[in-house]
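When the chains are written out, they are named A, B and C in that same order, and each has its own residue count from 1.
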Amino acid sequence: MEKLNNQIIGLITDFGARGQHYVASMKGIILNINPKAVIVDIAHSITPFSIIETAYIIKSTYSLYPKNAIFTVVVDPGVGSSREIILIRTNSEYFFIGPNNGIFTNIFDSNEISNCIHINNEHYFNIPVSKTFHGRDIMAPISAYLSQGVSIDNFGSKFPISKLVDFPIELKKISNTEIRCTIQYVDEFGNIITNIKGNFVFLEEGAEMTIKTKKQKIKGKFVKIFEEVFVDSLLFIVGSTGFLEISKNQGNAAMDLGLKVGDVIIIEL
Amino acid sequence: MEKLNNQIIGLITDFGARGQHYVASMKGIILNINPKAVIVDIAHSITPFSIIETAYIIKSTYSLYPKNAIFTVVVDPGVGSSREIILIRTNSEYFFIGPNNGIFTNIFDSNEISNCIHINNEHYFNIPVSKTFHGRDIMAPISAYLSQGVSIDNFGSKFPISKLVDFPIELKKISNTEIRCTIQYVDEFGNIITNIKGNFVFLEEGAEMTIKTKKQKIKGKFVKIFEEVFVDSLLFIVGSTGFLEISKNQGNAAMDLGLKVGDVIIIEL
Amino acid sequence: MEKLNNQIIGLITDFGARGQHYVASMKGIILNINPKAVIVDIAHSITPFSIIETAYIIKSTYSLYPKNAIFTVVVDPGVGSSREIILIRTNSEYFFIGPNNGIFTNIFDSNEISNCIHINNEHYFNIPVSKTFHGRDIMAPISAYLSQGVSIDNFGSKFPISKLVDFPIELKKISNTEIRCTIQYVDEFGNIITNIKGNFVFLEEGAEMTIKTKKQKIKGKFVKIFEEVFVDSLLFIVGSTGFLEISKNQGNAAMDLGLKVGDVIIIEL
């Protein structure tokens, strides 16, 4: 990668509002090394330690950024342990830095990986390295040096793609009309985002669909836009990130149905 | 507008903490088109779909920014429906992009509008355009092209100012000493911001005022600074955005009075 | 300070999610004066008016930033009153702007101060100055002019270091094995950050420690990394900001123990 003045570093963490200063610590380290880095907050309100949410956030955002963008992902319940910190380069020329704990599953699944490095060259670390904040002491400085054009081979040794941790989540056709799937994300509006890809839903607009949870079975209309149903009515829709979503028009479906990320549900088409 | 290296694009949404990645999706699109855009987060914790709050946020911030700043506002309950997406240019040389649903009421009311365009030229959209996220697929790319100096006439057809949706909120003198008004915003400190302009309050410092709600009638002092009353005492003050506010010195007035945005109250001067 | 193109201004406030537009107001003022300022959000979810948290946030972040960075701190319960707004320059070449109410205690304690100015030259203010938002009307413009290379002597008169407000928090050895200390911060993971410096803890890895509160007495292991104890077990650790922390591996210690910032506890080593 050539040196660029406006190299983007996107940050993804589970630090939350009360951990904004942890993000700021990473930004300080980065700007110290590369004052011209363009740092973007991608998401910081991931549920603590949620691999599912992190994998979803990565998948739904990275390819919208210019080539050469670097994504530094600090969702790291095993910080300080033997889990590796890795750097992934994709065929489409994006870079990812983070722990090898499943958060890169969606990059892995799409056969996108071109190179993978186990980051272990302390020369590029913030010294002394703490045992509890590798985001600040390892991932931030590596991102900054990478954004300056340092070749990825300098950061460590080659890491076999076969050793990348995969984090599969339930998705299975269980009859001709039923799919068992997993909730990947719930947003601020209460939209429930499943892991069923939109192009697997061959229904006509207006058709009836059903969601079955352990406690209930609820019908709704499959629509293209929210306004096709009354305010506060349940609907099914292929959302903006390409997955089937369960929503209420101007209401909060997740709250009303009592569903959360990781829950396995059955969709009847 | 000439092409500028540091063109500001301010983002206003109701995406909330759990929708920060939606904002990041817009930023990706913008930086892909104009890597030198200076993107600023203006407000993202607007109550979902609240037109009142959005209009208030716009009014209280935009004129502090340099001329030519662009404000992209995605509070859009009607996304995908027939509501238009518009671009407004003001006489004071600011630009606003967003749905025609009343969020621009305060710009409209101050006769600030110079031009208005109905954005409908797909040439500048992110293709394919989703039905549920026009912030990402229409407003973000239009903002980016505008920040690069593309003339506004390219983005669509002229839109008559008379068709802009107005969203009036209750404000009425009901006797010589009483005004019925609306709560426009409640901030993190619990300050209650009414829609009574400060220059309509002709009281002397220290005078007594009263707030009447459906349930209660409470007196407080009209002050210039919080410290004029005891900690946790109710006070009336002309706030930093020019409106009459009801507060408690180091306390939370909104929580204690049980009031929220949209509530209509009576102020006795 | 020479004029720099990429001068960093870090913002620290207690404005919270609902006050993000107040931060944006400050950014507008800054960008109007210095369009090339690099503005960084350090922390905005400080508990309203908490001097302890603010002092901790400052201490744990500033020195990670490049020299000449400016930190503008708006945690200001006495806004509008006679408390001074000051500008501090440290021996290590950082700048701090904010009210003289104790938030700079940790800078003060480390004998870091080189110069101190009482900001009172209205020539550099945003006119008219409100009585309730000096962050916008005084601190933001001063930060911006400082980032442009205006000499600090222009902003006001010399302020004696002896008049800086100190805000000491309880920290006392009460027996050979017991320290009474104060909780400085609780983060999103529920980690409880005390004010005991890590280099005062001479225990071996794996040793037992105890926390005593008014209601309870709980034992845990002193560890170097979270994974040394089972998930949800209590542990003691020297955290990433150099202080002794009380945590649970992948659990929420603060919630489970019912502790919050400002609480005084006893640690038995």
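Heads up, the rule we're going with is that a residue touches a chain if its C-beta (ideal position, glycine included) is under 8 Å from a C-beta of that chain, and two chains touch if they have at least 3 such contacts.
This structure is a prediction, so every number in the text was calculated from the model and none was measured.
Peer 1: Write the angle of the rotation needed to overlay chain A on chain B, where the fit uses Cα atoms and the result is rounded to the nearest 5°.
Peer 2: Rounded to the nearest 5 degrees, it is 120.
Peer 1: Over half shared or under half: which fits the residue numbers at the contact of copies chain B and chain C, same or different?
Peer 2: different
Peer 1: If you average the CA atoms of chain B and of chain C, how far apart do the two points sit, in angstrom?
Peer 2: Chain centres of chain B and chain C, defined by C-alpha means, are spaced 30 Å apart.
Peer 1: What parts of chain A, by residue number, touch at least two of the other chains?
Peer 2: Residues 16-17.
Peer 1: Could you list, by residue number, the parts of chain C that touch chain B in their complex?
Peer 2: 14-22, 24-25, 27-29, 31-32, 35-36, 48-49, 77-81, 130-133, 136-137
Peer 1: In the complex of these two chains, what residues of chain C are touching chain A?
Peer 2: By the definition above, chain C touches chain A via 6, 8, 10, 16-17, 38, 40-45, 57, 60-62, 64-66, 69, 186-189, 224-227, 237, 239-240, 250.
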